[in-house]
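Common to both upcoming complexes is chain A, partnered first by chain B, then by chain C.
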Partner chain A sequence: MDDLFIAQTKSTPNILFEPQKAKLSIEGQSYPENAFKFYEPIFVWMDEYLAQLKEDAVLEIYFHMPYINTSSSKCMMMLFEKLEEAHEAGKTVNIRWYYDQDNEIALDCAEEFKEDLTVPFEIIPLADEATKDGQ
Partner chain B sequence: MDNSRPIASSGKRLGLYDNGTIRVVFFACCIIVLAVVLTSSISYSITKNAMVDKLKNRDMPYLVQSMKEKIDGRIERARETSLLLAKDQAVLAWVSSGGQDYAAGKMAQAKLSDIGKNYDYAKSFLASAAANQYWTEDANTVLDLSRNNPLDAWFYNALQSGQKVSLNIDYDRIYKSTFVYVNVLAGDVCQPVGVAGVALSLKDIAKEFSTDKFGENSNLWLVDNQGQIHLADNLEYIGRSVSEFLPADVIQQILGDMDNAKPKVLEYKDSQGQTMDLAYQSTVTTDWKLVFQIPRQESISILDSIKINAMIASVITILLMVFIFYFISYKIANPFKRALALAEEMENQVKLRTHELAEKNQNIMDSIDYAKRLQEAVLPSPNEWTAICRDYFVLWRPRDTVGGDFYWIRSLNATDSLIVLGDCTGHGVPGALMTMLVHSILNNMADNFESAGQMLEELNRRVQATLHRKAENKVSDDGLDVAICYIKDRRLEFAGAKIPLYIKRDGQVHVLKGDNRSIGYRRSKIDMDVSCHFWDIEAGDSLYLTTDGYIDQNGGTKDYPMGRKAFVECIAKMAPDTSLRQQQASFEHTLKAYMGAEPQRDDITVIGLAFQ
Partner chain C sequence: MENNLDLIELQKTLRDSGVLITFSGRFTQEIIEELGEAVKKYLETDATSLNDTYNVFSVFIEQTQNIRNYTVKQAGSPLAEQIANSGVLVIGKLNTGYFVSSGNLVAAPDVEPLVSQLEEIKLQDKAGLRKMYKEKLRKKLPEGSSSAGLGLIDMARKACQELNYSIVKVDEEVCFFSLQVRV
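Coming up: the complex of A and B.
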């Protein structure tokens, strides 16, 4: 399957899904005018990807999103639900949510997501100015 | 719109040559004309000077010199022939015998007729002093000479002159023509026996003059020392005086010049003011002078053709240059102008589009402005606020003209009231549409509810029922965050869906968090259970509600959202007696300081209330 790459803009995050490495990442703020329009192709890709994912695959997903507006968070939730389904179907899915430790909104947001999910969801604070390189 | 048409026509409309191009071509042509005229004038003047110089220093002297040599040569030959004739023994014998020596006479006669007929002389003659007789090449002609006949004076003068050779010009009665006679004394110069000689026809010499004619109006004269013209290329002048044709000072200069072995040239102005060039030279064999005269205008008449040629060349050059300029500028101007025309056309199109867009935008903005009036119209008035609380402020700041934030209040009776703050998903027009929907639902529910919690549950149901009637429409999933405060006498009942209630009492900020779920979404449970929170209001309590627009606003050094903590701190730092109006200013100031130059990210609503 081909990679999915959507370059970052001021109001949309950087999307980089690399199926060969089983590594997906979403980085950046998300508050597009029309969140559903932005996330729809990502949903489509994700559906396709999860459908062909092998049982023994270990999917690593990273998030680093300083701000998500309400409608984007609904979309994120829909994305998480897809991962949740995969998890329930016995596939290994690890979600890691990075946030800058001073950014309480990002933490609140992550906690809200985590509350609703059973899929492994790790919330990891990043020290000042630290980046999430090297994971 | 057909794009090709205006672009194609723009070339014609603009024209490939504007005034600037034509001006440049005209200017260039003027310079060329000037250059050509200047060059022509200079070369004309140089050529003219050279021609005049050549005329004066070479052509005229050469002409006069060669003509002089011709005349001299001819007379010299005539003189030599005459000398030979005079020395001839037969002639001498015959002449001295006065025609009596028959044998000598025969030989002399033969010689005479040989010279007269076979050589280039008009005639040959012999005259005997002894016989006073005159013979010519024609053996039949014998004239008697007499001292008393003036016509015969030349003979007696010659005999007495003591000069071996003398010339005279005379009219011949037999030939009825004027001749130059070369008279040579036969025998001893002191005691001559007769005169022998040849005659040259003036007409013959004049023929030479005319064959060498230099110009149409030039004159070649042979002038004697009295100024009489003896020979001229034009026979009309023969016998006339040069004084008829030349100014006196010029004549004086010519005739008075004794040192004239070489040709001399002078110029003068004639009676008509024309410049004339004149050359003269003395002949060697006679004391006559050759005078050649030509109008300057004629000598340099060849320059007229040069002048005409130069003018034609100038015109051709100018035409050529104009053509080349035109051609080059066409080649250069064409693509350049087309690019310009295209750029202008595109600019016009952009202007047109911009104008259209501006118009459309204006229409949309007008429409939204009107929507804003509607949205504002449903928001509570100050009177409604003061009916339910002692003091209040509302910071309502939609990100766009209209927004998804709304607040709704209802005074149920003197002591009871409802206060609702909501944040519908999205902002702008879709958000505003949602607020109108929720507003209407709240109005419907206001008279029939049990508790804040129950009202929230019911609101969830109704919004879901309204928005998600079509199960297949999965694209839209909208809902809202909401806080409902039901004040029943002094007891406050709070139910929140992602909007907490902040209460300040005695400098402490208390938070009634409410539930952490939005309502109305497809995912929201239709039968969700909402918890109620209670608070007994005391005098001095301040209540605050805010949508996430305030706390999510980005800014600061790291461009993070401002955060809930900052909001709580803002409440906490208010002095106890700060009026709500001042508090609003403080919230606004905090927000402004944090967001700096960043644009507002979401609709912002903050409500503050104070009770008795």
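Coming up: the complex of A and C.
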């Protein structure tokens, strides 16, 4: 599979999916006009990727989203449900959600996502701008 | 002078009501983004915490996108233009904190479902709102949906008081709906 790259805009995050490295990163705020339309290609891509993911492979997913609107939250939940399903099917998926340590909203948001999931979901505070660049 | 708008008077009214930023007219995604970034930059220097900034910003986004989505849904209706041009948004500051208010015309048949949704939300305490939000977050959406229906619940969760709204009948076809959220 080819890489999937969607460049950041004011209202949409930077998305980089690298199948060879088994890595997906979503970084930036998200409040597109139509979140479902924006995230649709990522859902399609993820379905295709998870279907061929071997049991010994480890998919790493990295989020750093300082702000997401409600329809983007819904889309994230849909994405997490796909990952949850893969996890239940015995595949290895690690979710890491980074947030700026004084951004309580991003933390609360992550905790609510995590609550009903069993897929590994780590929530990690970032100390300051400098740390973030190193991730 | 042809245009007798008294700017001094207008400015006084805005100041007296604590208005920081206001926009009246047609909301497009571009305007929402530009205003949103301006709001965020302003609040970063004014607000006491990053959380205040994001609370105001997110209520602003949900309100303006609700208006925008409603406008998009009206496309093709005879009321479409009138509704699209009816948006108004105000962000202001009172001694007790910030408020985000918005208003727009709503077609008469859409008023009742909106009111019942707001009343249901007003009955909930924070724990109830959280439960409602989580249920909706997990509920499967019908094919082709463009809205998760989470906006009003999210605003109520971020508000420091219950949602305050009013409906004023304009004519047989439309009502003016306004919503004030205190953050």
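Quick note on the criterion: the second predicted complex is superposed on the first by the 129 of 135 C-alpha atoms of A that agree within 3 Å, B and C clash if a C-alpha of one lies under 4 Å from a C-alpha of the other, contacts with A are read in each partner's own complex, and residues count from 1 in each chain.
Convention: a contact is a pair of C-beta atoms (placed from the backbone, for glycine too) under 8 Å apart; a residue touches a chain by one contact, two chains touch by 3 or more.
Computed from a predicted model, the values in this text were never measured in an experiment.
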| item | value |
| --- | --- |
| Three-chain arrangement built on chain A, chain B and chain C clash or fit | clash |
| Partner chain in contact with A:102 - chain B first, chain C second, else both or neither | both |
| First, second, both or neither for A:122, with chain B first and chain C second | neither |
| First, second, both or neither for A:88, with chain B first and chain C second | neither |
| Touching both chain B and chain C, residues of chain A | 31, 33, 36, 66-67, 69-71, 74, 77, 100, 102-105, 112, 115 |
| Interface residues, chain C side, partner chain A - complex | 29, 32-33, 36-37, 49-51, 54-55, 57-58, 61-62, 65, 68, 130, 133-134, 137-138, 141, 145-148, 150-151, 153-154 |
| Complex contact set, residues of chain A against chain C | 10-11, 31-34, 36-37, 66-67, 69-71, 73-74, 77, 100, 102-105, 112, 115-116 |
| Chain B residues touching chain A - in the complex, by the definition given at the top | 423, 425-426, 428, 475-477, 481, 516, 518, 521, 523, 548, 551-552, 554, 558-561, 563-565, 601-602 |
| Residue ranges of chain A in contact with chain B within the complex | 29, 31, 33, 36, 40, 66-67, 69-71, 74, 77, 100, 102-106, 108, 112, 115 |
